[in-house]
Each structure stands twice: as structure tokens, then as C-alpha cells.
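So, here come the structures, one by one.
Two complexes come next, and they have one chain in common, chain A, joined by chain B in the first and chain C in the second.
Moving on to the complex of A and B:
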């Protein structure tokens, strides 16, 4: 069989390793065969190709060395940095907030874990653990796999020596330049070289090829040059409208913390591509980031009418119903997920909670049993915590205490469990233990207001007004519109101000 | 000779020399230590703490830390920032600089009080009392608070009473009234509040709405609804957003079955206090009164979500579920309520009725017995028990309970007509059945009528909900990781 034909067929069958092997043999015979050379590049690229739009994640470095943001304290509802300010959003009293200071989302995706933290301390406190995959920079996050690939020593040296290659020669030949560019970007992960090639190539085609502009924008974006990236994407969109370009332009605005512009871009995209799911998802996510749950759910609903098996949309709508006192509705959505074949601990956990609040008691415990049997290490604590809540709900405080202790033994930094244990101890009248639990919870999770408030109320009762005064201020920092905290502070201020 | 003339040289008068030499030998004029006190005070009273701190530093450097007022101001600022230990040190310096100033001792004592060292604070206040020549309400007030925290109620009351006489200050009135409330002397507490409201209400001091609300709540507890309504109305006129007053007024309307007015009050309260379990509980019971059970259930469930350890809410949830004839759910809520609060007869009564509908007569009997054990004087327990026993065919037991009911009914002053009606129906049917021994159907309406009487009991319970203590903040933590799928 002809070896080139074999290699092509292997490439089509996505058997990239064999394809590369075949190409290498061919290239050994004739090093100047461009077709084989391109095929090998493509195969190598495909091996490592990732959807960088979905895997994108903002790192600590970007969040702090950020000089693109326009307003330090943005107006309410116009910034992703302080989601608590939006009107009509859910509050911490109803929907718990995550480590990063935004309401829990229906799905875990990179964006939900990385909100921009207020202080460096807070950012560093959420390190890269199994639960918070927050990289120090976005470059390393996305490209860790790619970097290692380029470092693998290949027999006979690397396939292409980037430092020796004359990019100008290739830039003029589109059939060679495009695969080469992708190879440099994804396989070699050398953005500098990729950018050089893209600049040369776009000049060679006299700025008429939108593809190169998008690639230029991509390079600028990953180098952190947001305004340049914006320019390139906009110019590309003028020539040719493409979903990916709309999405990437939206991402630029999100990085600049201008969510409203990002929404505009996505809506323009929807005019060209009505009911396009990726664009709708993007809009729904941005609204969720702005803590505007009603709008977010509206768009998720649109997604579900188009694609009735969209896991993210169904999960988010279910979550929304759960936290707006409609556990029965939430149950329907989660059951749908189960019917679709999703089978994991989180789903059973949510089903169990919904069953409990919808008073289907017979199902609750079996759901949680399933959840426990399926749970991975980092979910166990949450599940025990929820079982503890159900025990509180049926009034069995002893069982609740045991469950919460199990939660802590599974994850020694589970702050809500510490808080609830404190409340239970307080009910039994063990003041010192309760205080210790509240303090532990507060030090583990400064984003929760409950431990602070409970601690302050307890100290106030015991007469330790100083501690109460300091702690209640922290509670209000975490949740500024918490009425009982405000009242306690008001009462305490009488003791602390004096003319 | 004119001495000035000799100074001329080259026709230009020399500077600086001619003035009299005696001045330069004089010592430089010393700035008075207290020279900038007015400035410090002005900045402090405007809460401009940043400038104030800088000025204080300057003053302290100039006087090598011997400036009394600067130290004093620094102490006050530090206290405002919550650094009590450091502020205590400042006040102690003040005290060592000027032993005779009562304010310094008072501030030292206050810092000790804020640190929770009530014993030491008490001693300091006693010292201040000795140093001060005239009796001072502030000292008496704080002495009262110290004694209160140390558990010596008699002395505390005495001191607070003196403070009230000397100073006529809101804080003392509130503290004294709270003391009386703690000791259960409601009338005395009401009198104190009354005096305070008379004093302060017309002057429109910032806490007057609070005072009037407290008085209204006290009246409510005493059952003087007319007075209570008056006071709460006054409080609302002063501060239309006062959530506590709104809640209490709403609860009173609810007691008189005026549900629409009550709901309108709650609507206003919900805007300023959307996460209050007491509020949602009351709203839920309003809907229950209007027979809108679904709305009622969702409100009560929200209240339960916000405060899962509150047995009142669980009790109400059980009640509403009974009204919708979902007896299994009602049973769960009631048993949860019993777990949290084992000594409440009403819960056991409801549980017994639920168990009867769930066809578990043995346990229902036990629950009835427990209810009558917990509340031997409650008229509704024996009546419900009698109805239940009659339906079970235990006619003798039923008539026994009926006799108990009639005995109690004679003692109880106010008894609802529904109860009496049910009892007469029951006695008729009992008589006929005892005579003819043919099973005539007992009126099943009896139990339902009794449930209604419980709402009213509950309505009184509800008002108690106002003090919000540390509720367990339950967070169902849902996280669904589909990216990992």
C-alpha cells in the first residue's frame, strides 16, 4: 500500500501515533516532501489539541497584575468583581456562596471557581488543591500538558527546530503556514514564534484573511495584550462572522471586566447565528457571574429548548429552582439528568436534598446512600454535611453532630460543618466548645458570614464586648446587608463611641 | 545722641540689630500644653480619626507623652477601632498623669468592662465613685451593669435606680426594665418603660421607636392588646420601617383574624428584613388563616430553611399539613418539633390526632396521655381524647375524659364556643350509644374545630419569635460537577 495513503487514512481514523510514525518513515526517505511534512504536523497538533475556550482560567497573576480594568470600584451590576452589588440577585441568606465570593453555581467549571479575590491574601489562601484548581497564571493552567509534550525528547531531535526555521519563507504559503502556526501554538506552545508567523502571514495576504486575524488575537490574548486582541477580533468580525470569534471577543471583554460589553458582543453574535447554543451559554454564564440569576436562567431555558440534553443548562436551572423554594421543580430537572445517564455523587446528593425538601422522605436516605457509595474523596465531606442538615431537619441533633464530625474527618477544612457543630454545641450549653468551633470556621472560611455572626452574638451574650465588636464588623464585611449583624453592631457601637 | 543714628552705615539701615537687646535674653515663649485641645476635640467629634491621630502623635512627641488630653483622645479612637487593650493603656497613662480626674478612672473602668473583666471594672467604678464629688449617673449605670453581669441583681437594681433618678438617660431605663423583665416583674418593667417613653418619645430621640416597641411588646405579653397597639402605632409613626414593631403589630392583627392588614404590615417589614424566619412564619400563618394552604406551606418552608432548629415553625408546618390532610408529612414535622422541644403539650396533641388519622391507635393513645401529662389544665386535650376514644369504641374511657373536660371547662374562664358545641354533640352521641349500643357516627368535626383553637395558641407563641438568636445557618450545598463527567 502507498505509505502516504496509509498515513492519511490513519489520520482520518484519528490514530495519530501510527500516523506520525508512518510520516517519519516517509520523511526519512524524502525530507522535502511537503505534503507528508504537513500531515505529520497536523497529526502532532491533533494529539494535543484542547478546547482552549472551555478550559480557560484566570490565574492569580492575571487577577493581580491587572492594569486593564477601568474602574476600581465599578457601579453596581457592571462588574464581575463584586457580584453582591447587583439588584435582585440571590443573597447569602438563601443561596450559599463559594470560597471565591459568588453564589454557588449549578456546574463546576473553571469560571465558577475563579472569581477575582479582593486581596492577595485571600487569593493565596485558596491554593491549588483538589478543590480549587487555581493556577498561578493562566498560561501554565491551560498549557501544562502542551509544555511537557514539547519537552519530550524525540529520537533524532525535535521535529521542527523553531529557532532555525525561517518563518518568512512559510508565511507566504497559506497551505503550509496555517498548519505550522497551529503546530507552533499547540504543540510547541511558543506564543512568541506563533505571533511572529501570524504577523508575517497576515502581511503576506494583505490583511485579507480573517483567520490570521483571529489567530493574532488569540496570541495577543494569551500574552495579556487585551486591547490589541480586541482590535484583531473586531477586524476579523468585519470580514467574516464566526461563532468562535464572537466568543473570543466576549472573553476579551470579560478579562477587561466589562461584562456588559461582552453581553453585547454575544447578542450581536446571536443575530448572525440565532439560537446558537455556545453563545447562549456564554450569555447565561455572564449573567450568573453578575449574580443576575433570573436572566441567567432565562437563557439556560432557551438552551434547553434547543438542546434538551444540555447538562450545564439543566443543572443550573435545577439549582435555581432549589434555592427559590421550589424543590419539587428542582427534583424534576435533576431526575432528567439521571435519566440522561449521569451517575455521580453530586447528582445523588442534590436529588437527596430535593427529595428531603419536597418531603419524599423515603427516597432521601437511599439517594444519600448512593451518593456516599459513589463519592470521591473531595465530595464525601459535603455529602456528610448535607446528611447532617437533614438530621437537623428531622430534629435528631445527635445524629447531626455525628454526621458533621464525619464531614470534618473527611475534610478537615470544611468550614460550614464547623459552624453548624458550633451551633449544636451551643444548644447543649457548651459555650467554650461552641466558640472554638465558630473561630475555626471563621479562620477557614472568611467568606462565610455565619460563623462571624454566631461568634459575635455569643461573645456579646457572655460580655466579651471587644471580641464581639471586632467579629461583627468582619461579618458585615462578608455580607453587608445582613440585618441581624447590623443591629448587633448598632447596639455595640453605643458601648464603643464616646464623646 | 540719638543712638539710632550711629547704626547708619553706607546710608542703609542695618536690620535686626536695633530692637532692644533685652528681648533676646528672655526665655522663648512656651506653648501651653493644652493649646490645641480644641482642635483635637473638634476633629474627634467629627469622627475625623485620621487627622486626629496625626495631631495626637505631634502633641505626644512635643510633650514627651505627658499630654493628658491627647492620650485620652487616642484611647477613645483606639477603642472605636476595637483595640481595647491598647486603649486601656492610654487611659492608664491619663490616670497616672492626673489622678484626680474622674473621667480617666471612668474610662479605665469602661475598658475593663468591655474586655469582660467585670470584677476589676467594678472596683474601678467604685474608686471613681469615691473620687467624684457629685453623684454621677454614668457611674451608677455602669456599676449596675457590672453587678448585673456578676449576678448580683439586688445591688444592680439599686444602682440602676439611682442612675435613673440622677441622669434620666435612655440606656439606664432600658437596662433597668430588662432587669425587671428578667426577674419576671412585668408590671415594674412596664412602669419603667412608660416613664422612659413619656420622657423621650416627644423629644424624638433616635431610639424612641425602639423604646415604644419594647413597651408594646411587654403589653402584648401581659395581654393588654389595646395599650400594645397604641404603643406600636406610635413607634411606627416615628419610624415606619421599624421591622420589630411591624412584626408585632402584624401579629396582633393576625390574632384578631385581620389577615389582610397583617399581610400588608409584613410586606413592609419584608423589604427591610427579608431573611427573618419569624416574618416568614407569620406570613405563612396568615395564609393559613386565609385558607391558602399552598402559599402557607411555601412560606413556612422558607422559614424552616432559614431557621431549621426553630420548633415553632415545625409545629406550624405540622398544623398546615394536617389541614391539607397530608398526615404523613405532618407526622414528620411534628416529631421533629418534639425532638427539639420535648415538653410542649400542643405538639403531642397534634401528633396524637395525626396518628389517629394514620390509623395507629396505640401510639395515638400514648401521645394523648403525654399531652395531658404535660398540660393537665388544657381543656382541649381531654375533649380530643374523648372524641378519639369514642371513635375507637372505648365508650367508658370517652365519658371519663368528657367528665374531665367538663370539670376543667368550669374552671377555665374563657372557652371557645366550638369546644362547648363539640362536647355537647359528643355527650349526646355517647349517651345514645351507651343506651342503645348501636354505633352512631361520632362527629368527626370535633377534632378539626379543636385544631382551630390551636392556631390561636400558636399565634401567641409566634410573637415570642422576635429575639433572633444565633440560628444555625444551614446551607444545603449543591454542587454538581459536570465538567468532570
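Moving on to the complex of A and C:
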């Protein structure tokens, strides 16, 4: 069989490794065969291609060393930085918050757990395990691992020596330039070279090709030049409307912390592509980021009517129902996920909780048993914690204590477990232990108000009013509208000013 | 609904004349005064900068927006005031700075006179003791013991300054202190706590004034401005009780030669009045909280006082409570704002957080926002400007605002904005989600199969208990517990990993959570893959652990692996002579971020 035909066929069958092998053989025979060269490049790129829109994560450096910040204190509901200010949003009292002051989301995706911390120290201190740590910059080793192979040495040197290549020669030939650009961007992850090529190529095609403009925008975006990226995307959109461009322009606005502009962009996109799932998902996520759960869930519902197997939408709607006191509805959504073939610890954990709160007691514990047997290392702690909650609900404090201790032994930085353990110890009258647990929970998770409040209430009861006063202020910092904290603070203030 | 348009109106009344966020002047209202120092009609701002509280204490003069002169002060001042002490032309006021037990008088910003408060009687026994120790008749130890006995007898406040200082020292420093100080005569002096002025014979603006000084020994002294003799000495005691009250804030009105009233707000929360010819004060009222700042209205001698319980209260001259308003935050400072063109005197109250409110009587007429809480506040003539409001914030910045000449406060009416329609809170509907059809169906199921469900649940619960117990035993056997279980050493361990890598800092904190028993003989051991990590201190010796305190232990850990992988590190707390670790925790190390090339 003709080797070129074989290589092409392999490429189509997505057997990239064999395709690369065949291409290398061909290139050894004739190093100047451009068709084979392009095919090899494409195969290498495809091997490592990642959906950079989904996998995108804002690094610590981007969050802190950003010089685009305009308003320090944005008006309520217009910034992703302080979602707590939006009106009608959920509060910590109903829906637990993650460490960044954001309600938990139905699905874990980059950015839901570690978005925009308040301070640098907080960002660096977050329990940094391999699963939860955020990268220091988005151009860090992690993206290299995700998207490129350049870290691993290849036998016989790299396929293309970027420093030696004359980009100008290729820029004028669109059939060569486009694969080469993608190769540089995804395989080599060399944004500088990619940008160079893109600039030359747009000039060569006299600024008429929208594809190059999008690529230019992509490069500017990863270099942090948001306004330039915005310009390129907008200009590309004038020439040709494409879903990806809308999404990327939206991301630019999110990075600039202008979620309302991002929403506008996505809505414009929806006019060209009505009911497009990716755009709808983007809108729903932005609303979730703004802590506007009703709107978010509205869009997620729209997604479900279009695509009834969208895991993210179903999970988010389920979560919303659970935290708005309708566990029976949540149960139905999670059951749908189970029917779709999802079979993991998180799902069974959620099913168990829904069953318990919807009073379907016969299924509760078997769900948790399933969850435990399926759990991976980093979920075990949460599942033990939830079983602890069930045990507290049943009234078996001994069992609850054991479960919470197991949660802590699985994850020594599980702050809610420390807090609940503290409450259990307090019920048994062991004040010192309780206080130690509250302190531990507070130091591990300063974003939770419960440990602070418990600690303050305990100190108040013991007569250590000064400590209580200091701690209750921290509680109010974490959750300003917590009425019992406010009442305690008020009582303490009254006590201090009274002669 | 009324508040937003009113706010706009407020802003227009004041002009921002000067803002200096780097002035770095830390002061209080009592240490700020405005004076026509050179008798040229250009009023200067004289302010005592408290600096850090011990160093950088300076008397600063601002001319316009720039710093005109600076004079170092020896001690922290408690009050600064300007007054005319003679009838000489040109009419130049003197500046009085109260500091410690002295009052320094400056004229033309040059030191002019120092007035020391009269020294007080010393217990003869104490004097005798100091004499004996000087002549080395008694041992130092015996001397201190005798002083301590004396303290028990007459009370700490009745002793001399030296004895007081000596008795507060550590036992190690006493003998050197005695040696240094026994040569000096024994003195007992009081200190100035607050100061104000009182016009002597004429009510004119440039008339001669007396200084009124409140002291720590619970006295109010009225000083003659020329000879600096004590004209009046008023005890702050009560006829029915022997307790003395130390004045914290003084206000005076009237003329010394005719009739005057001095009101002292005392530290014990009493408001006391002194009048001409009295040798003792009379308690007007016992306040519900400690005073922050006070002013007397010149018209009807009513007293407006800000208290520490977030209220602003007004008392008549007889001590009757006239009105009381709750402030939105704690008051920091207060100053009168006389507006002759509107024939009213407002009261400006600065609140914690930076809000400044102006009240006409009990009516809020204006609000100013400062970037920080204002600690020092004064209103008066500054430069050529008639109505200037000078503010010093807690972070040391200086703000000057000028009242527009056309400004007109809406003094009558404006409505009571504070009132909220009663029952408004009861009309808010609670958002209770409706019970769904599904819920009802499930309830039916529950009702029909209750016995079966209960049995299943109980069976599962027993199964769960067994599982949990097994898992607990497993955790116990593998010593995988950051919190000790019952019976073992009451310890708690928590660990944090800081840094971006490849060098991390690991902070292990140990806490003894027992009620009273100490724990010793512990060590922290790290167990890790030596191909992946290297550690500064793989073993840390733990000192004696006192109950309740958290002890942090730090070590550096470096990822030495070529591949960007991460591993687990086990932390074990071990005890001497025990083969099993007391506690253990697994730390999932973060991935180290090698910065990629862009």
C-alpha cells in the first residue's frame, strides 16, 4: 500500500502514533515532502490537543499581578470578585461556600474551587494537594503537561527546531502556516513563536482571514494582553461569526472582570446560533459565578431541554434543588445521572444525602455504602463527613464522632469535620477539646463562619468576653448577615460599654 | 427612600480644600487648635503629633496647606490650646501644651514659660524610708518590703512617683533603680489629664483667658494667665460620697470674673459641675457609659456628649437628659460647629469607620465621608477661611474641608428619616418553597411501606456501625490519626504546606488539648520517599507542651525529582519509649509549578 495513503488513513482513524511513525519513515526518505511534513505535524498536534476553553484556569499570577483592575469595589452584582454582594443570591446559611466565598457548584471544573482568592497569602495557603492546588500562572508547567510534549525529550531531537525555522517563509502559504501554527501552539506551547507566525500570516493575507485574527487573539489572551485580544476577536467576529470566537471574547471579559459584557457577548452569539449548548453553558456559568442561582438554573434548564444528557446542567439543577430545600427534586435529577451511566462516589454520596433529607430512609445508607466502596482517596473524607451528618441526624453521636474522626484521618485539613467534632465534644462537656477543634477548623478554613461563631459562643459562655469579641468579628467578616453572630456581637458591645 | 437624594445635597455644602494622606500626624481633638499666631489674620493650625506614642512627638504648625514649623516635645502631650494671656499689641495668642505634670507656654512659637503643677504632700513615713535607703541604713529588700506595706496602708495612688515606679518594676531591676534614684528628693506630682480655656473678664474673641486644667489627683485648677498663680482649686469630690473622680474631658463657659460653669466628664462616667466660688463640684448626672467627647452650647449651657455606647446625648445645664440618639457606629471625636450666619451651633461627630455626622440639636443635617475614622476634629478659622473643618484620621492623613459661603443647612424640618413604618418587618414573606407533587408521592410511599423502610434502615445502620468500627480500628492500627482518640495522649496535629515549589515550607502545629496535664518527650518524624523529596529536618524534637497553646514547627522540604510529580509525606508524632506513633497524618504534597517559558 502507498505509505502516504496509509498515513492518511491512520490519521483519519485517529491512530496518531502509528501515523507519526509512518510519516517519520517517509520523511527519512524524502525530507522535503511538504504533504507528509504537514500530516506529521497535524498528527502530533492532534495527539496533544486539549480543549483549552474548558481546561482554562486562572493562575495566581494572573489574579494578583493584573494591571487591568479598574474598580476596587464594584457595584453589587457586576463583579465576579465579590459574588456575595449580588441580590437574591444564596447565602452561606443555606448553601455551603467554597474557600473563595462562592457557593459550591454542581460540578467541579477549573475555577469553581479556586477562583479569585482574597489575598495572596490565602491563595498560597489553600490546602494544596495535587488535585486542588491552583497553578502559579496559567503558563506554568501544568499547561505544558496538559498540552505539550516538549518536556519529554524525543529521540533524535525535536521534530521542528523552532529557533531555526524561518517563519516568514511559511506565513504566506496558508496550507502550511495554519497547521504549523497549531503545532507551535499546542505541541510546543511556544506562544512567542506562535504569535510571530500569526502576525506575519495576517499581514500576508492582508487582514482578510478571520481565522488568523482569532489565533492572534488567542495568543494575546495567553500573554495577558486582554485589550489587544478583545480587538482581534471583535474584528474576527465582524468578518465571520463563529461560536468559538464568541466564547473566547466572553472569556476576555471574564478575565477583565466584566461579567455583564461577557453575558452580552454570549447573548449576541445566541442570536446567530440559537439554543447553542456551549453558549448557554457559558451564560449559566457566569450567572453562577455572580451568585445569581435562579438565572443560572434557568439557563441550565434550557440546556437540558436541548440536550437531555448534559451532565453539568443536570448536576447543577440537582444541586440547586437540594439547597433550596427540595431534596426530592434533586433526587430525581441525580437518579437521571445514574440512569445515564454515571457511576461514581460523588453521585452516590449526593443520592444518599438526597434520600436522607427526602425521607427515603431505606436507600440512604446503601447509597453511602456504594459511595464508600467507589471512593477514591480525595473523596473519602467528604463521604465520611456526610455519613457523620446522617449519624448526627439519627442521634447517634458516638457513631458521628467516629465518622468525623475518620474524615479527618482521611484528610487532615477537613475543616467542617473539625468544626462538627468540636460541637460533639462540647455536647459531651469537654470544653478544651471543643475549643481546640474550633480553632483548628478556623485556621484551616477562614472562609467558614461556623467555627468562629461556635468558638465565640463558647468563649462567651466561659466568660472570656475579649476572645469572644475578637472571634465573632471574624465570623461576621466571613458571613456579614449572620443574625446570631450579629446578636452576640451586639450583646458583647453592650456588655463592654456598660458601666 | 429619602436618603439618596439627600446625600447628594450634603456633598455640595463642603469644598475639599486640602487632602494630605501622607501627613502622618497621629493626634486627637484635644491636641489640635487654630490660632492667629502672628497676629496677621492668617490663622495657623497648631497640632501636637503623638508620633509613635514615645518617639517623634512634635508640635507642628501648618500654614495654609504646608507645614510651617516643627518643635520637638519632650513628652506625650495631653492637650494643646491657644489663648490670649495679656493685652499687649499686636494681639498674639500663646500656645499652651499640657504634658506630664507641666504646662509649656509658647509665644510666637518660642518657649516662653513652664508651669509645673504644685507637688503634693508625701507620706512622712515614705520620705523617711527613702532617706534611710539613701544613707544605706536599710537593705534594699527590706526597703521594698516596707514600701509594699505602706502601699497596702495608704494606697498606690497616694505614693510618690518614684515609689510607684519602683513598685511596678521586676525584682531584678529594683536595686539599680533604687541606687539611681535615692539621691533625688522624693516628689509626688500629679499629671494633667485635660485642659481648656475660660475667658477672664470680657467675652470678646481676643479677650484674655485663663487656663483650666484637670489633674489626675481629681482637681480642677484655674490658672491666672499672666502670673500663672492658681486662682481656683476645685476638688472633684461629692458631698455625699468620698470617692474622687478623675476628669477626662473638660468644658467651660462664662467669664471667670463674673460667673462661669466648668463641666467635667469623669472617667467613672459621672458628669460634674463647678461654678464660681465653689471648692467642690456637684455631680450633675451619672452617665450610662464612659464619655468620649463633650461640648457645651454657649447659648443655654446645655451639654452635648458622645458616649462609648454609640449614643449622643444632650443634658440641660441642670443635668436633665434632654434627648439621646443612637449613632450608627462608635463615636471617635466631637467638635462644635458654630455658624453665626445661621445663628446655630451644630455638633460634628466623627464615627468609627470614617463617617462624620453634623447634628443641629437632635436633627441630623449633614453627613461627610472620610476615608478613615477621624480621630482629631476641629472646626474654626483656618488661613483666611472663616469656616474650615480640619480632620486627622487614624492613619495619619490630614483633610481640610471648607464650608461653602453659600451653604445653607436645612435646620428646620427635613423629616424624621429614621422612622420606619411599623410592621414592615412583618410584611416580608418568608420564601418557603412549595412542597412538590413528587414529595407528596414519596410521602405516600413512606406511609405505605413504613415498616419495611424502618427495618431496612435499621439493618443498614447496624451494618454501617460495624463498618465504621472496622475502619476506626484500621485507622488506629495504622496510626493514621491527626487527633488522638480516647485513652492516648490528648494531642491534635495539623499540617500546612506553603510555597509554590520546588522548595516548600511545611508547618506542623501541635496542640495539647488536655485540660491541665503537660506532655513531654515527643518528637515529629517525617516519612517520605527520599528519591522525591529532601528535607531539612526529618526529625524535630518537641519541647514540653503546655495545654491549650498551639506550637508551630517548621521545616523546609524540597522536591528533588526530575519529573514534575508529587507524592505523599507522612507525619508521625512519636513518644520516647513507645514503638507505636502517637499520631500520624498524611500530607498530599502539592505539585510544584516549574515556571514554563512563554
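Throughout what follows, the second predicted complex is superposed on the first by the 481 of 499 C-alpha atoms of A that agree within 3 Å, B and C clash if a C-alpha of one lies under 4 Å from a C-alpha of the other, contacts with A are read in each partner's own complex, and residues count from 1 in each chain.
One rule holds for everything that comes next: a contact is a pair of C-beta atoms (placed from the backbone, for glycine too) under 8 Å apart; a residue touches a chain by one contact, two chains touch by 3 or more.
Here the structure is a predicted model, which means the values were calculated and not measured.
When both complexes are superposed on chain A, chain B and chain C occupy overlapping space and clash. Look at A:389: by the touch rule set out above, it reaches chain B but stays clear of chain C. Legend: residue contacts after superposition of the two complexes on their common chain; A:369 is shown touching chain C, with no touch to chain B.
Contacts of A:245 after superposition on the shared chain: neither chain B nor chain C is touched.
Touch criterion met: A:361 reaches chain B and chain C at once. Contact with neither chain B nor chain C is seen for A:296 once the two complexes are overlaid on the shared chain. Contact with both chain B and chain C is seen for A:497 once the two complexes are overlaid on the shared chain.
Of the two partner chains, chain C is the only one that A:403 touches; chain B does not reach it. Within the superposed three-chain model, A:466 lies in touch with chain B and out of touch with chain C [touch as defined at top].
Once the two complexes are laid over each other on the shared chain, residue contacts for A:322 go to chain B alone; chain C is not touched. Among the listed stretches 4-12, 22-30, 400-408 or 436-444 of chain B, only 22-30 clashes with chain C once the two complexes are superposed.
Counting contacts by the rule stated earlier, residues 325, 359, 361, 394, 396, 494, 497-499 of chain A appear in both its interface with chain B and its interface with chain C. Chain A meets chain B in the complex at residues 91, 93-94, 96, 104-110, 311-312, 315, 319, 322, 325, 337, 342, 344, 346-347, 349-350, 353, 357, 359, 361, 382, 385-386, 389, 392-397, 416, 419-420, 423-424, 426-427, 450, 453-454, 457-458, 462-466, 469-470, 473, 482-484, 494-499.
Residues of chain B that touch chain A in their complex: 44-45, 76, 79-80, 82, 84, 107, 110, 113-116, 118, 149, 171, 243, 272-276, 298, 301-302, 304-306, 308-309, 311, 314, 326, 329, 332, 335-340, 468-485.
Within the complex formed with chain A, the chain C residues making contact are 268-269, 287-290, 307-310, 432-433, 436, 438-439, 442-443, 445-446, 449, 452-454, 456-457, 460-461, 463-465, 467-469, 471-472, 475, 480-483, 485, 490, 492-500, 509, 511, 513-515, 547-548, 550, 564, 566, 585-598. Within the complex, the chain A residues that touch chain C are 60, 124-125, 127-131, 133, 135-137, 139-145, 151, 189-192, 223, 324-326, 328-329, 332, 358-362, 364-366, 368-369, 372, 378, 387, 394, 396, 399, 402-403, 405-406, 408-409, 412-413, 421, 432-433, 435-437, 439-440, 443-444, 493-494, 497-499.
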